[in-house]
Every structure is written in C-alpha cells, then in structure tokens.
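Next, two complexes with chain A in common: one pairs it with chain B, the other with chain C.
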Partner chain A sequence: MTTGTEEWHADPALLSRYLAGNLDAVTGASVEQHVSRCETCRATVGRLLEPQLLERTWAGIRDGVERPTPPYPMRVARRLGLPEPTAVLLASAASLRAAWLVGAFLSLSFATLAAYASDGTALAPFLLAAPLAPVLGVAAAYGPRQDPLEALVATAPYGRTRLILLRTIGVLVSVLPVTVLLGLAVPGPPWLAAAWLGPALALVPVLLALAAFVGPRIAATIVSLAWSGVVLGSTRALAPTWPVEAAQQGVYLGLAVAACAVIAIRAGTDRQPGVAL
Partner chain B sequence: MSAGTSTVELTGVGKRYGRTRALADVDLAFDRGVTGLLGPNGAGKTTLLRIVATSIGADSGEVRLLGRDPSRSHADVTAVRRELGYLPQELGYPSDMTAFGFIEYVAVLKEWNDREARSQEVRRVLDAVGLADQASVRISRLSGGQRRRVGLAQALLGDPRLVVLDEPTAGLDPAQRADLRRTLSALGHRSTVLLSTHQTEDVAALCERVVVLAGGTVRFDGAVTDLVATAVGRVWLADEPGDDALVSWRTGTGRHHVVGGRAPVGADPAEPTLEDAYLLMLGPDAHRVHTPS
Partner chain C sequence: MSSTPIVTDAALVAAVADGDAGALRELYERHGAWLHARLIRRCNDPEVVVEVVQDTFVALWKDARRFRHDGEVGAWLWGIAFRRMVSRLRSRRDVVLIPEWDVSPTLQQVMPSAEDQVLLGVEYGDLAAGLRRLSPEFRSVVQAVVLDGLTTKEAGRLLGVRENTVKTRLHRAKAQLRATLTEPQEGWR
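Up next, the complex of A and B:
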C-alpha cells in the first residue's frame, strides 16, 4: 500500500524536539509511529542523538543482560541499605542464598515443633540445631583454605580475613533473627529464647580458630560433634535446659575468648600479613 | 618508587617446604617488559611467582616489590596488592558464576567500588581476552581455554603495574596463544610482566628476557637471543643420531636433530632454537621431565 507518508520525512528540527521530549502527546506519538517505519528518519535520529547517551543506554542494556541477578536475600538486604560492593561479595557465599536459609529455617522449625509437641520435655532438638545453624552457615560461607580461588582472594587488597569476617557477620545477621523468633515459640522458661545465643556466638569463633589450622570442613565437623555430645549427653541425667544454664554459659564465654585470642595471635605472627584466617 | 629501584627486587631469596629446598639464594630484579621463567617441574618457578604475588613469604633474603617490603606491614602488602595482577597456576572457578560475575567479584576484592566504573572495567578486560560475547555464560559451560582466559582477564583488572602469570598459555590452542601474545606484549609496554611456561616457543615469541631456573637456583638470566647464542655450534642435522648427544631425535625429513656432544660424521651445523639452548643450559637436569616434542 502506497501512502504519502512513505515519501514524507520528518525535518531535523521536529525530530530534535521529539528526542528532547518537547512535543505534545499526539504529535510525539505520530512522529514515533513514523520513525519506527521510516529508515531515513531513523538514520536522522541516529545522527541527532548524542553518542554518550547512546553509550550509556547500551551499557545499561548490557548491564541488564550480563550482570548476574543477586540472590533474593541479597536484594532484600540491598533495599535495607547494604552497600552494593558488599552485596557482590556476600552473594557468592552459598549459605547466604535463599535455598540454604530456607533449609536452616525448616530444620529449626521442626526442632521447635518437636519441643512444642513434647510440651517442653524434648528441648534437645532445638538446643542442638539452634547454635549449629550459624556455625554450619559460617563454615559453608568460608570456603576451604586450599580452594584454588583463595589464592586470588588472599592476594587481593580486600584481604581474606576481612572477607571471612564479612561473611560471618552476614550469616549471623541472616540466621539469628529467625532463630530468636522460633526460640520464643519453644515452650519452657522464657529466657530460653535467648540462652542458646551463648553457645551459638561462642561456637563461631571456635570454628574460625580451628578452621585456620585444619580447614573449615574438619573444623565444622569437630564443633558439630562436640556440641551434639554436650546436648545429647545432658539428656541422660540432667535437666533439659542444662546445656544453656548459667554455669555452662561461663564455659562457652571462656572458649570464645580463648578462640579470639588464638585468632589474634595468629594474625600477629603469621609471616604473611593479612592472612590471619 | 624512588629512582634506581626496580619494580621487583629479590636479594638472596630462599624458600623451603619441609626438607625440600624450593628456592636457594635467588638474586633477581625485574622492570617493565615481559620476562619468561623456564625450568623443569619442581625448579621453583611457581614458588618464585607466589613470592612476587605476595601469596607466600620468603624464608630468607629480601623481597622488595614496587619499592616496598611486603612482609613489613599490612599497609605495605596492601599497597603492593593494589597494583598487582595475579593468575595462579591452578585457579578454581565457582561453577555457578558467569564469566562477568566472577570477574566482577574479583573486581570488588580489588576495591572497584563504583558500580558503573566496575562494569566498564570488567567489560574491558573481557574484551582484551576475546571473551566479550561469553560474558553471561556460566563458567562451567566454558571450554578449558576460555576458562584460562577468564583467569587471565581478572589479572588485567585495573592495568596493574606488576603482573604475575603462572602458566598463562596452558590449555590454549595456537590461535588463542597468538591472541594472548598480542595482549601480553601490549601489557609489557606499561607493566612488569612475569610469566612461567613450559613452552619455549612462548618465551621466544613473547619475552625480551628469559630466566632459566633449575633446582631452585638461577641458571641463566638474560636476553632470549643471548640464551639462543649459547647453543651456536652445538646443534646439528645429521644422518645418524649423535653417540654422545644430550638429546637427538629424527625429524620429519628423516635426518636427526642432534643437540650437544660431538658433531656426528657428515653433520651439518643447524640454527639453534631456544629449546636447544634451554636443553643445553640444563644439561642432564632437563632430561628428568622435559622431552622434546
């Protein structure tokens, strides 16, 4: 079909106003319709556009395609004000992904349910799972010391120690609130919801100190077995709340202080600065 | 960096792993340009490169990088790391990351905090290694050669003044090697590039200077042409394999390429290659692991 519009071309002044967004809605829409069909006018538009604007737009499109989408928990954290570079570093930690967090949440929920169903006499599942969730999360985020990628991390200005501490904080921040909420639902003395925090916060530095010597996997195994031993051992003759009572909390605090001291000493004596963990 | 000091200065550097001596009393200095490290497996190439990349410390001797002693303080080692690009010998890649994601991750570790500038830089280095089209492909789907180039790309981030590449040509096909040579020679105009390889052709094509290591000590340090010159008059083409040759092999033409020893009867002198010179330099040491192809 031949209409007059194919012979007609928009003059550059009109196109400039169109590009600047200075046309009224009806004129703007008809210029847009015309440009989408007319090769000559599209070429004119190309000449009128600033190259920088084109470059910026193209870079934005490539960003949208090439930049990996951060995992859901990271997008939430970004909205809450987490700096963008930090989010990139945390996103690569397996235990900060939705799948891991959902898994931790489910196992804690079952432990809570078990305590609830037994009317507070079976606290062991909750006391077992609650402190281990952050410990295992930190171990998974840590990455094995012999991992070949760590050669790069260790020689980057950001530093391996800083990265490990960042991920540790990331795991604690993402796991602890949920665990505290579930702890409130566990029947028993009200202080129980917070009491498990003692061993949880103590076991994390113990794990980090051990991992510096034997790697995170073995360290996580040792810590998990030790804690399971304490909890399961106490179920035989002692009160269900024994593992988190005041006297034991003192022991955990002592362990945490000792572990921090080991980390600090290692940081000071290691031949290579910046490789404390 | 004050005048008169080199980018990399190693003085009497030694390193042991348990009872094994990896490096002994090594004195070397490097400046702008590409230097190749040659040597059999276990010669100490990787140990030397790891020391220069601040990945490990030396047991003895003095290490100065960009005018600083990296073992002195955290601030010193960090200052060196800000101007360092390092490709380790074996680099594990998180398989679920894309090429872009992996390099962006390393870029953040190298303190590229501005998102827009970081994106541009990640694209620049992907372009430089010819992987611009593979930016959004998962690393697990890339070929071995492409993965190696992803590793090389991260070492180019920020145009570092000191670039340490441990076997950058491993797993590359001839066309990719040629591309890499182009990238590296451009880099060598601005930066101090140290690379190790098993391929004497790579050194011949890429490096102005070559260092031959064996048993943790420096056997040769000088221009590539000077190393080749040491083999003049010691390489022949002959009808018989040499009796007391260091190595000899039958070439495609049916004649034998004879390196070292006495000239066999009726032998014609041959133009030595860098490989011939390297084999002669190491003598019997080269035999243990290096077989000419």
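Up next, the complex of A and C:
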C-alpha cells in the first residue's frame, strides 16, 4: 500500500456495514483489500464479529489439531464408507497389520518359487500355503491373545458374529488379491490359479464353525493339519493337482455349506453377545 | 491500537511448524475473524464458512512448513481458505457466490462518502467508477483473479468458463480500466 493509506483505518460503522453485507461490491471489495492487509482493522473486525461464532470455529480447529491421524487400514476403511466404530474394530485385527501381511506374502512367494523351480511337478508347497493364508489370517483376526481390544469387544453390545464376519471379509480382501496374482505365476494348468480358491474359501467357514466350539487357536491347528494331510497325502500316489480337482471341489463346497449352517444355528440360538462364536 | 506485534505472523507460522499450539491460537486470534467476514460475503451458508475456516487452520497446523517466507501470512491463509471454498463447488453448486456488483439505489446514496473514497486510491483516478462500468462478465473475472487471487484456471472452474476465456476477459477488462483511468476526469484536478 502507498504511504497515504497506511495511517487510514476504516471506522467501525463502515466495517459493521461491510460485515452486514450492506456495502456495494466495489466499496466492499476495497474494504476487504484494506482489512486483509491492515492489522488494526483486522482487530476491529474481530471485535465486531459474534464471539460465539469465533469460539465455535476454534473448538472445531482444536479438535482437528488434537485428533491423531488414524492408522492406514482405518483410513482405508473410512474412505470405503464404513462408520468409524466399525473401522476401529476392523483395523485392530492383528492380521490386518503390515507384519502379518508381509509374512503371508513371503511364505506364498517361497511356495510359488518352489513350484516354479521344480517346473510344475512340486505344486504341493503352493497348494499347501495358498488356502491356509486366508484361514490363518482369519484365525489371527480375533481371539483373546491377538486382539488388543478383546476386553472391550467382549463387553460391548456389538454382535460378536458380526465382528468376526467383518474382520473375515477384511482379511480376505487384503490377502486374496496378492495370492491370486501369485497363483497366476505358478506353472501348471491355467485353471490352477483359480482352483485353489475353492478350498481356501471353504476352509474359512469350517474354521469359524470349529472356533465356535474349541476357540480360534485350536480350530486353526485342526484345519491346518487336516489340509496339510490332504495335500501331502496326495503327493504319494496321485496327480499334483489332485487336491483341487472337480470331485474334491464338490467335497469342499459341501463342507462349507455345513459349516455355514453350524455358524447360523450357533448365532441364532445363542444371542448373548460375546458367546455366539 | 498502534501496537506493533512483538511477534510477527511469519514467526508465529514458524512456531506452528514446530508444533506450538499457542502460536496457532494467536494466529487464529489475528486472522480468524476477517477470514470469516470475507468468506461470509461469498457464501450463502454460514455452516460452510465455519467448516472452511476450520479446514484452513487445521491445514495451517499440518502444512505450516510449506509457508514460503516471502509473502504475507494473511494472503497465504486467504489463498488456502478461498480455494477450499471453491473446491466445494464440486459437491454443492449453490455455495460460492460472486458478490453482487449491481448497486441498489438506496445503497448508492449512502456509500461513496469522501472518507470511503480514500480506500479506492483517489490519486489513481476514479477506479471505482471504472470497475462499475465493466460488464458483469469482466467484473466477475476481475473479482476472482485480481481481488481474490485465484489462478486463471481456478477462476475458470469457479465461473464455469474455459481458462482461455478468463484470460481474454481479464486482458480486455484491464485495458478498459486503464482507458478509464487515463482519460481526463471532471472534478479531480
């Protein structure tokens, strides 16, 4: 500004008219330009404006400043439109943390490498690891040992079945894409890349159904041993792709349906929160 | 009220960058009110104004390091605030208003008092009259680019015209204003 206008200040009456919107655009614009550069007139505007409005805005600023940035999985869940409490519960699952995901990815990568190195004759490592990655992820997603919110979850009026299913979906969404990509890299018949999804998706409800009786840790052990038995047993006499062929897929489907029925009955008969699963 | 601040705005922004919440409060004391006032003139929803000012100061808290110490803090804050308001155009078309340039007769009687003319820079000639003589399209461009400090691209989005149209209109508006200011005026000499 030029020296001539530096000592000039808008009088409170003019500023009041400006705040009330009673100035024409040219005068209003020039008041505005002056106020935005003049400390004295800015202070006058501060005295003329409603204090409640200014305090209300400040309260929001303070909240925004003091609120810590939520962890990454929670921000993703929020962006997908989940309400905040659900996002918190989902994100606290152990198997959605980076360490778990990296571990799952590494073991699957080694299995893929093994299949690749043996030129497709040793599919067992991949068929063993790929369906178990989501199963163990789901098992690790809840339970007293793994869940930092366990005490809260057990006492909250929030359906445990709902929580576990929600986390199961979260785990599947984060684990399956990588596994599918690795499956494409495995040598062998092209349908193999999709075929392992059959046991993978069937074993998850089986795990959940078993966990309702014996807890997630023992259930995960039982399912892992059973699947290992199927895969390793078939390597003796049968074709490497035997565990995922059509007849066997039918068995997995039957198991999954039975397991879903068990879960539904348990959730239906036992409405007490924290007991259903 | 002739107190020169012991701490400058720029020093406060530096303190905010170091995580000083007190400095943020002081900056809000200095700049919160006029930002409200200036935004209210461009918005028909007070809730949006409150949210935009909140966003602006939360952004200041997070991005204080990005302030280049070669400009005014006030102008920088206005830039953040008004851009946030314009970006709300995407979701709500009714929010941003262009100030009404057509003067109602009653207001015109009250307004250009001798005192207020100082604001308009008398020594540069009758700028106010020049601005009033511009067509509405030209005035909205001058408002968005010259007064509110948007880029021509942002102004184009706000006004719903192409960037090149904004540039052309701005160029012509400036030429027209220059012509008004250089032509001999009665009563000013």
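Quick note on the criterion: the second predicted complex is superposed on the first by the 175 of 277 C-alpha atoms of A that agree within 3 Å, B and C clash if a C-alpha of one lies under 4 Å from a C-alpha of the other, contacts with A are read in each partner's own complex, and residues count from 1 in each chain.
The working rule: a contact is a pair of C-beta atoms (placed from the backbone, for glycine too) under 8 Å apart; a residue touches a chain by one contact, two chains touch by 3 or more.
Just so it is clear, the model here is predicted, and its values are computed rather than measured.
If you count the residues of chain A touched by chain B and by chain C, you find the higher number for C.
Within the superposed three-chain model, A:Leu163 lies in touch with chain B and out of touch with chain C [touch as defined at top]. Once chain A of one complex is fitted onto chain A of the other, the partner contacts of A:Val76 are absent, as it touches neither chain B nor chain C. In the superposition on chain A, A:Ala261 contacts neither chain B nor chain C.
Of the two partner chains, both chain B and chain C are touched by A:Val65. Chain A residues 65 lie at the interface with chain B in one structure and with chain C in the other. Only residues 50, 53-57, 70-71, 73-74, 76-78, 81-82, 84, 86, 88, 90-94, 97-98, 100-101, 104-106, 108-113, 115-116, 119-120, 123, 135-136, 154 of chain B touch chain A when the two sit together in their complex. Against chain B, in their complex, chain A makes its touches with residues 59, 62-63, 65-68, 83-85, 88-89, 92, 147-149, 151-159, 163, 271-274. Residues 1-2, 5, 21, 24-25, 28-34, 36-38, 40-41, 46, 50-51, 53-55, 57-58, 61, 72, 74-75, 78, 99-101, 103-104, 107-108, 111-112, 115-116, 118-121, 123, 128, 131-132, 139, 143, 147 of chain C are the ones that touch chain A when the two sit in their complex. By the touch criterion stated above, chain A contacts chain C in their complex at residues 2, 4-5, 8, 10-11, 14, 18-19, 21-37, 39-46, 48-49, 53-54, 56-58, 60-61, 64-65.
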